[in-house]
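Chains: A, B, C and D, in written order; residue numbering restarts at 1 for each.
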Amino acid sequence: MEPATEPRFVTTRRVEFVDTDMAGIVHFSNFFRYMETAEAEFFRSQGHSLASTKNGSGVGWPRVAASASFKAPAYHNDVLEIRIYVRRRGFKSLTLQFEIRRGETLIATGQVKTAYCRFRPDQPIESLEIPATFDSLIGPYDPAADKEPVGKDEG
Amino acid sequence: MEPATEPRFVTTRRVEFVDTDMAGIVHFSNFFRYMETAEAEFFRSQGHSLASTKNGSGVGWPRVAASASFKAPAYHNDVLEIRIYVRRRGFKSLTLQFEIRRGETLIATGQVKTAYCRFRPDQPIESLEIPATFDSLIGPYDPAADKEPVGKDEG
Amino acid sequence: MEPATEPRFVTTRRVEFVDTDMAGIVHFSNFFRYMETAEAEFFRSQGHSLASTKNGSGVGWPRVAASASFKAPAYHNDVLEIRIYVRRRGFKSLTLQFEIRRGETLIATGQVKTAYCRFRPDQPIESLEIPATFDSLIGPYDPAADKEPVGKDEG
Amino acid sequence: MEPATEPRFVTTRRVEFVDTDMAGIVHFSNFFRYMETAEAEFFRSQGHSLASTKNGSGVGWPRVAASASFKAPAYHNDVLEIRIYVRRRGFKSLTLQFEIRRGETLIATGQVKTAYCRFRPDQPIESLEIPATFDSLIGPYDPAADKEPVGKDEG
């Protein structure tokens, strides 16, 4: 699937020595961490956090699904560019797309679906409607434009 | 997509303290590591390794794509059951499916596509035909049954 | 310093692919994780946990200090033996020593000092007297034998 | 032990979500990774790398010993300051000291001893004399000032 022409957010990430494995390249699991770190920076750019707690309760964005394709290896000391696209701003969930590049070389693409949730001690995680305070970050919720039905799981 | 009725391999994994995050649950990136560790154990069960090197060169199974859906949280000290299914035994690539359970609770499902490759110093990673020595582990290659064309990338 | 002649607990650990780095060996930070995982298993062997929470509060064993010497490299697929010695059972803290071996080869030695602590939401972590329920695991507290003074930090 | 009054290098590090554990704080093993990442940046500041390979061989700085004391917890989104001091510039080894702070709060101190080594395929890691090209980074080797004897292990 094609990302929108303009990324919503762009940042960079240095590949650390510990991110590599015995094949001499970044371990694939670390690309998921790079995506989350870029997402956290995207959130912070407007004063939001991926997770915050108070009095033992909190709100956050646990991952519902994640996928990535690995196009070319990345190496220690590489500076990677990470581009974030808002793929879908749902009622209760958010799907972001990612492109990871080193110069002109496409290293990986990925997609992560998260849900806005409340954490309370000893209670199940509960998904919530995404507040309007996130509209300037990820766009307002538009039921007419939303391609997926708003259901318990799919909101 | 439905996994085959019988898993090809089943193992267990203890959730370690370091695998958790401040939300009190296993960080999503670690499920990709659990899947790889189970895959390595699956390989070792017939004397194979995910990666081996000699004289600076080696063969291994770098990941081409990976995806997962996270159904329920997992916690420190949980013992998870990991089931592996062979989704597709291609000419040069292998696609495995994973189910991660804690008792009757489905925690996560995942899919990982890997390619059999040669690593040589200062040369690009080169994909190879999967040797017949892997047939007893993942099944023989059957062009008639293979749903995807055998191409440079898709083999 | 010499460990006691007999380890208090012995377990094994398989080196996973993701634990290696581009030098082809286990990244040093992972030995600290191996030690903690072995410690967790030691605790579980008598029904204890390194961390437990209820209603948002909890008790656990945060690390106060950790050190290790790396004697020989460890490789993917190695099965390491981890031996745990109780170096000092303090009033509020516990110091464990570790030996990590592959067969006859000493891979690493380490020492970890932890403190028994209470975690409560939005309050500082508070160290507590180690309960007598741990006596069978780590030995009783013996002021006469304790080489270090029992102070706020050093208990 | 007292660090020199002036750090040789200072950098910052953002605490990522994945660095936290279920106690809501940075897992202790990650402070060792923070120290190594800061060290890598210190090396890059004068064009050096912690590890480099060519034709399957390489040179790098494997860790010989590492220790840390954890003074106060660090949390997601914290920006930590990491100060590096050259504790000892040996003939074949380097000992660095680290201070990790969040504003005025001392979070952790650490010390890491590394050795300059050559990696060659299927041969033991071999320690080498630190080249003079590192003198501007870590100071020249001064046998008269060196407090430890230059031996096989201690150089």
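Heads up, the rule we're going with is that a contact is a pair of C-beta atoms (placed from the backbone, for glycine too) under 8 Å apart; a residue touches a chain by one contact, two chains touch by 3 or more.
Quick caveat, the model's predicted, so the values are computed rather than measured.
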| item | value |
| --- | --- |
| Result of counting contacting C-beta pairs for C-D and A-D, higher pair | C-D |
| Centroid comparison with chain B (C-alpha atoms), farthest chain | D |
| Chain A and chain D: spacing of chain centres that average the CA atoms, whole Å | 31 |
| Whole-Å separation of chain centres (CA-atom averages), chain A against chain C | 34 |
| Distance between the centres, which are taken as Cα means, of chain D and chain C, whole angstrom | 23 |
| Overlap residues in chain A, where contacts from two or more other chains coincide | 17-18, 22, 24-25, 29, 33, 36, 51, 53, 76 |
| Chain C residues within the chain A interface of the complex | 17-18, 20-22, 24-25, 27, 29, 53-57, 75-76, 120-122 |
| Contact footprint of chain A on chain D as seen in their complex | 16-18, 24, 33, 36-37, 40, 44, 49-51, 53, 76-77 |
| Interface residues, chain A side, partner chain B - complex | 22-25, 28-30, 32-33, 36, 51, 53, 58, 60, 62-70, 73, 119, 125 |
